[in-house]
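Sharing a structure with you now.
For reference, chains read A, B, C and D in written order, and residue numbers begin at 1 within each chain.
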Amino acid sequence: MSVVEGLTAETKRTVAGRFAGLRLGSGRPMIIAGPCSVESEEQIVAAARAVKAAGATALRGGAFKPRTSPRSFQGLGEEGLRLLAVARAETGLPVVTEVMDTAQIDLVAEYADVLQVGSRNMQNFALLKQVGRAGKPVLLKRGLSATLEEWLAAAEYILESGNDQVILCERGIRTFETSTRNTLDLSTAILARTRSGLPVIVDPSHAAGRRDLIEPLSLAALAAGMDGLMIEVHPDPDRALSDAAQQLNFEQFSRLMARLELLPASALESIDACREEIDRLDERILDLLLRRMAAARRVGQLKRGAGLPVLQEDREHALINRLAGLAGDELAGEEVREIWQAILAVSRRAQQALHA
Amino acid sequence: MSVVEGLTAETKRTVAGRFAGLRLGSGRPMIIAGPCSVESEEQIVAAARAVKAAGATALRGGAFKPRTSPRSFQGLGEEGLRLLAVARAETGLPVVTEVMDTAQIDLVAEYADVLQVGSRNMQNFALLKQVGRAGKPVLLKRGLSATLEEWLAAAEYILESGNDQVILCERGIRTFETSTRNTLDLSTAILARTRSGLPVIVDPSHAAGRRDLIEPLSLAALAAGMDGLMIEVHPDPDRALSDAAQQLNFEQFSRLMARLELLPASALESIDACREEIDRLDERILDLLLRRMAAARRVGQLKRGAGLPVLQEDREHALINRLAGLAGDELAGEEVREIWQAILAVSRRAQQALHA
Amino acid sequence: MSVVEGLTAETKRTVAGRFAGLRLGSGRPMIIAGPCSVESEEQIVAAARAVKAAGATALRGGAFKPRTSPRSFQGLGEEGLRLLAVARAETGLPVVTEVMDTAQIDLVAEYADVLQVGSRNMQNFALLKQVGRAGKPVLLKRGLSATLEEWLAAAEYILESGNDQVILCERGIRTFETSTRNTLDLSTAILARTRSGLPVIVDPSHAAGRRDLIEPLSLAALAAGMDGLMIEVHPDPDRALSDAAQQLNFEQFSRLMARLELLPASALESIDACREEIDRLDERILDLLLRRMAAARRVGQLKRGAGLPVLQEDREHALINRLAGLAGDELAGEEVREIWQAILAVSRRAQQALHA
Amino acid sequence: MSVVEGLTAETKRTVAGRFAGLRLGSGRPMIIAGPCSVESEEQIVAAARAVKAAGATALRGGAFKPRTSPRSFQGLGEEGLRLLAVARAETGLPVVTEVMDTAQIDLVAEYADVLQVGSRNMQNFALLKQVGRAGKPVLLKRGLSATLEEWLAAAEYILESGNDQVILCERGIRTFETSTRNTLDLSTAILARTRSGLPVIVDPSHAAGRRDLIEPLSLAALAAGMDGLMIEVHPDPDRALSDAAQQLNFEQFSRLMARLELLPASALESIDACREEIDRLDERILDLLLRRMAAARRVGQLKRGAGLPVLQEDREHALINRLAGLAGDELAGEEVREIWQAILAVSRRAQQALHA
């Protein structure tokens, strides 16, 4: 049995344990955000602050850049790593950055919290055999035309070296379609997660190669159960030294996080913004209450059919206690109770009307 | 300017108008469900009833089947069309079925509510030129290796014939990956919708070719804003005459609709099932209330910073009135008011605590 | 066992019998040449004459054109068919043209010698079921993303209708590569031929979509054993109503045929052109004579090792008689004898030198 | 202007100069043959001797193997390199072997004559930047889904490091077709050669992944003008530790070389084999003579039209002298003269017959 298959049954709790510090397995998606390339201290620190404020859980930024042409910007190298460490010190965000060669592993591991193996190196087997030895989590991007089997086999090279902290990242595959840079393959990302038991995140920036698709693809990825996203964010995308067309600016990233319901309330900058958010939440709560009422009426019908009484105090008690137990910092158990008493009162009357 | 581009600016209301009877543009996704092939009256009527009960909005079923090999089941032909009409009479569901040749258009249009042009015929230009003339909506599936441009150009053939009731359907493209039958290309589906202004639905059954991916891909498609889904459902998939591996049975379809929050309360068959649903809804309502409290506290902070009072009765009134206006059959305006008074009371106390 | 597999063992003689009039199975490749679209009588007659003079064995030309966009030139329709018949009358070349819909079969069959089913209709099963019934050979192009299995299964639809005169045509598949219009897949063309026993030709014009690749790809296809080529040739490619970038003009086609060693001597228009051709042939004959001498010397070595005499008159007689039997219209048996006596004399001396 | 574009105009002579010892640019294709992996001294020496005898110009064999799974045979490493050097000492064949990591460059360069960068490392930019520094020719395989542009850009990384001895190798790309391991893309190989001015060879073993396609694809590649082939040959393919299905045994390789007209006469092992070869050559010489006669008759026609005499002694002299000058070791100038006098005599009589 392969190592990857052996991991399949592992629980989310184990994931959480393995990736301490990255919030993986916490039930909340991991959001890795930052510029394609580290360009200057000002740029990377500004980006780190902005993505942290908008709810990102890790910072990305390339110091060693794999570029198709030798004439393209190749990254700042070790200086870039140093600047990433500065940005981490400023924000507390763990740093994810790429390592391109066995000779760079020690250096990159000195600065980074997660070592990324890029798409073009997914089958750089010498690198796969050694990258895990630094003892840090490894983010393994899927190759541009790698099959599921090959991707999992590449992960096994790392796992076999004794490091089980592997995060998989789907970033689009190569197809005949030219309206997007690559084609996001959610299906294989889902299967990779089921098959391996490893966390799988999605990179819509590289998959689409165009800003306008990042929001819908991010929504799709999280809805499909992916463990997180990797998003390119730059203070001024049009002036970026690489991947200009696909990077978001700070405001766009903030809006994306709001749409994903991951923007912290602290990032709402005006009373109006708060009220918009509250109005949006109220509409969604109302939707759910409508569905709740329909289900409650259905209970009423079924009870009447079975000759059972409407009020079942035990059930109501248990229900409220359970919810009160789930309430966290933002809402005391007593407050939960107060709100649900109103909800249950309305619901009970609806059932009684049926029996009348 | 091409016809397709001209449609881009059209509003959802127009879509709704054009597709009267299909609930498109209603804000609720169109769910087309049913077996791959019509096999018998018993089979198609049972399937129609089951998918209707679970919330489907249209019935699919193939009478003329495009099969790779001449040795495979080719469909019941006109008899299949007649059986689809029987199923429609039983359930009221509009019928979607494929037309494969110009010579069949009149016959199929006699029985069907929506004429489907299959992937393999996406560039059967003779068919495209004539299929719209029946005056019924046309569902145009994307070809297995069609680019976005080609798909939209195929739609134009139909639009040019004077029929603007075109629904696009993404059903997976051909790539090197072999763990799925095809690769669902959500990115292009999203762009097709933006570019054309036409409704776009997704067929995860053909895209994945395997049952276990239908739920996550359906969640993803709707999260990405697609207008609906086409799902293969069969009373006994293992005995289906075509596409056995990818069809859902009735229970699986019902579970899918529950996960999509599209299952009507009437489909909950026991008090226990209702309670599970209520518990699930309560948890999600609680999540949203926690986010609502965080936003309310943030309002409190900002008000304090600006020296404004906590209580702003106007705002509370307006808020409650707006929600009461949105309440529908399931919840009277008065009941909405009752619940939100509880919510606002809790929220107000939290803000006051900040000011204390 | 499928029909296609059943044909695998058929001999070339059977192919020749089945496709009477098309020179298939004659050992000489079938060359179908002509414009993408029939545009006028002048254009198609000029093209027919030019390709005939350069050695083409059939004329192509589209009357019904499958065009991606409804705004592109759609072909002259029946008028185009009539013009093709005029060109045939002028040149004697059999005519190959596309049929796009079941409703056109009778009309096209009235004018054409070979009915073409285009890539986009490779899985138009209604068409496949009926196109063979006209009793004329059918040229079935591979779909842009059809697998070998699907292509052969499509051929079976035609074979099953009782018509065994099916010619397969590989015309490039869709891949991620953008420097060519499609990617010529010679490997699958070769396998299609072995698997089906049907003749397989190659269309480098559509595969490459660019003039500069037509010659090397044609050379490659014939070297790989393909049964023929389909080449787009237009009097004035830059003014063509379709596929301008990939059509050859008459002179380019003539040069191509020369490179393929298929240009008739009658097409050499000056003494200089003839001499160039003779010089080229002489160089190749010399190359082969050098190899022949090396093999003859090797015989000498082996004979010496085995103690056998150099001269074996029986062998020389038999050899010359066999070649004299193969000589055709261009060289009498006596002349063959005269030339080979010179060759054998030189060869014998070389062997004797070894024994000296 | 990029380095690659700058090379476009270079002549074959320059190629020959750059790749001294590899016979590139000699007008004769480079044939690199040998096992997928070096497995033992016995195996690699046997393979080297067999491929040398059959006309190969270089020996391949993997010491460091890029394998999809960590559980597959990973190669003998340095021991494999040592064995390759033994095989070179035995046969004089230059050795081509893969280097997978920057840390291995010096070691591999110590033993190998050509350093191979494999498909999976085509965008291992750290390796590309350093592999050229060893001063040995570099064979750069195209990535499994690399575009032409990316392949040439990868070559530029090597050229930019100051090493212009780069050989490109097309080895099949990834498509949806499953009947072959990959899809040989001759079109892009041809364009790569034209665009870069670098020699391009083809690897049909990896492209097809099946023995039966190696011969037709090799014929096609050379007919299309490629500079050479890389072929996997193993003493006992069924027992090979890697790539069993695609390796040829010695006899199959020998037959392949015969079909390519590259088998030396010294490899013909019996008088019968020599005679088969001679018969085959005679048939081809006869074919060419028939074409020569047709051209000569055409000269006769044109001369008659222009009122010129048949015999033009100057032309005949010049022709024979030119060919006598091209004759090499195998045929003396005098012998060439003797044979062509016979050919010209026959030809002259044919022309005279026209004038009679």
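Just so it is clear, a residue touches a chain if its C-beta (ideal position, glycine included) is under 8 Å from a C-beta of that chain, and two chains touch if they have at least 3 such contacts.
Which chain is which protein? Per UniProt: A, B, C, D = Phospho-2-dehydro-3-deoxyheptonate aldolase.
Predicted model only: the values in this text are computed from it and were never measured.
K.L.:
Copy of A-B's interface among A-C, B-D or C-D, judged by over half the contact pairs being the same?
P.N.:
Of the listed options, the interface copy of A-B is C-D.
K.L.:
Look at the interfaces A-C and A-D and say which one is made up of more C-beta pairs in contact.
P.N.:
A-D
K.L.:
Measure off the straight-line distance from the CA centroid of chain C to the CA centroid of chain D, and report it in whole Å.
P.N.:
25
K.L.:
Taking each chain's centre as its mean C-alpha position, how far apart are chain A and chain C in Å?
P.N.:
56
K.L.:
For chain A and chain D, let me know how many angstrom lie between their CA-based centres, rounded off.
P.N.:
50
K.L.:
Which residues belonging to chain A are in contact with no fewer than two other chains?
P.N.:
Counting only residues that touch two or more other chains, chain A contributes 145, 149, 174-176, 178.
K.L.:
Using the touch definition from the top, list the residues of chain B that touch chain A in their complex.
P.N.:
These residues of chain B touch chain A: 145, 147-149, 173, 175-180, 183-188, 190-191, 194, 207-208, 212-213, 216-217, 219-225, 261, 264-266, 268, 270-271, 274-275, 277-279, 281-286, 288-299, 302-303, 306, 308, 315, 319, 322-323, 326-328, 330-331, 335-336, 338-343, 345-346.
K.L.:
Per the contact definition, I'd like the list of chain A residues that touch chain D in the complex.
P.N.:
By the definition above, chain A touches chain D via 2, 66-71, 100-104, 120-121, 123-127, 129, 144-145, 149-150, 153-154, 156-157, 160, 174.
K.L.:
Flag every residue of chain D that touches chain B in the complex, lowest number first.
P.N.:
Interface residues on the chain D side: 145, 174-176, 178.
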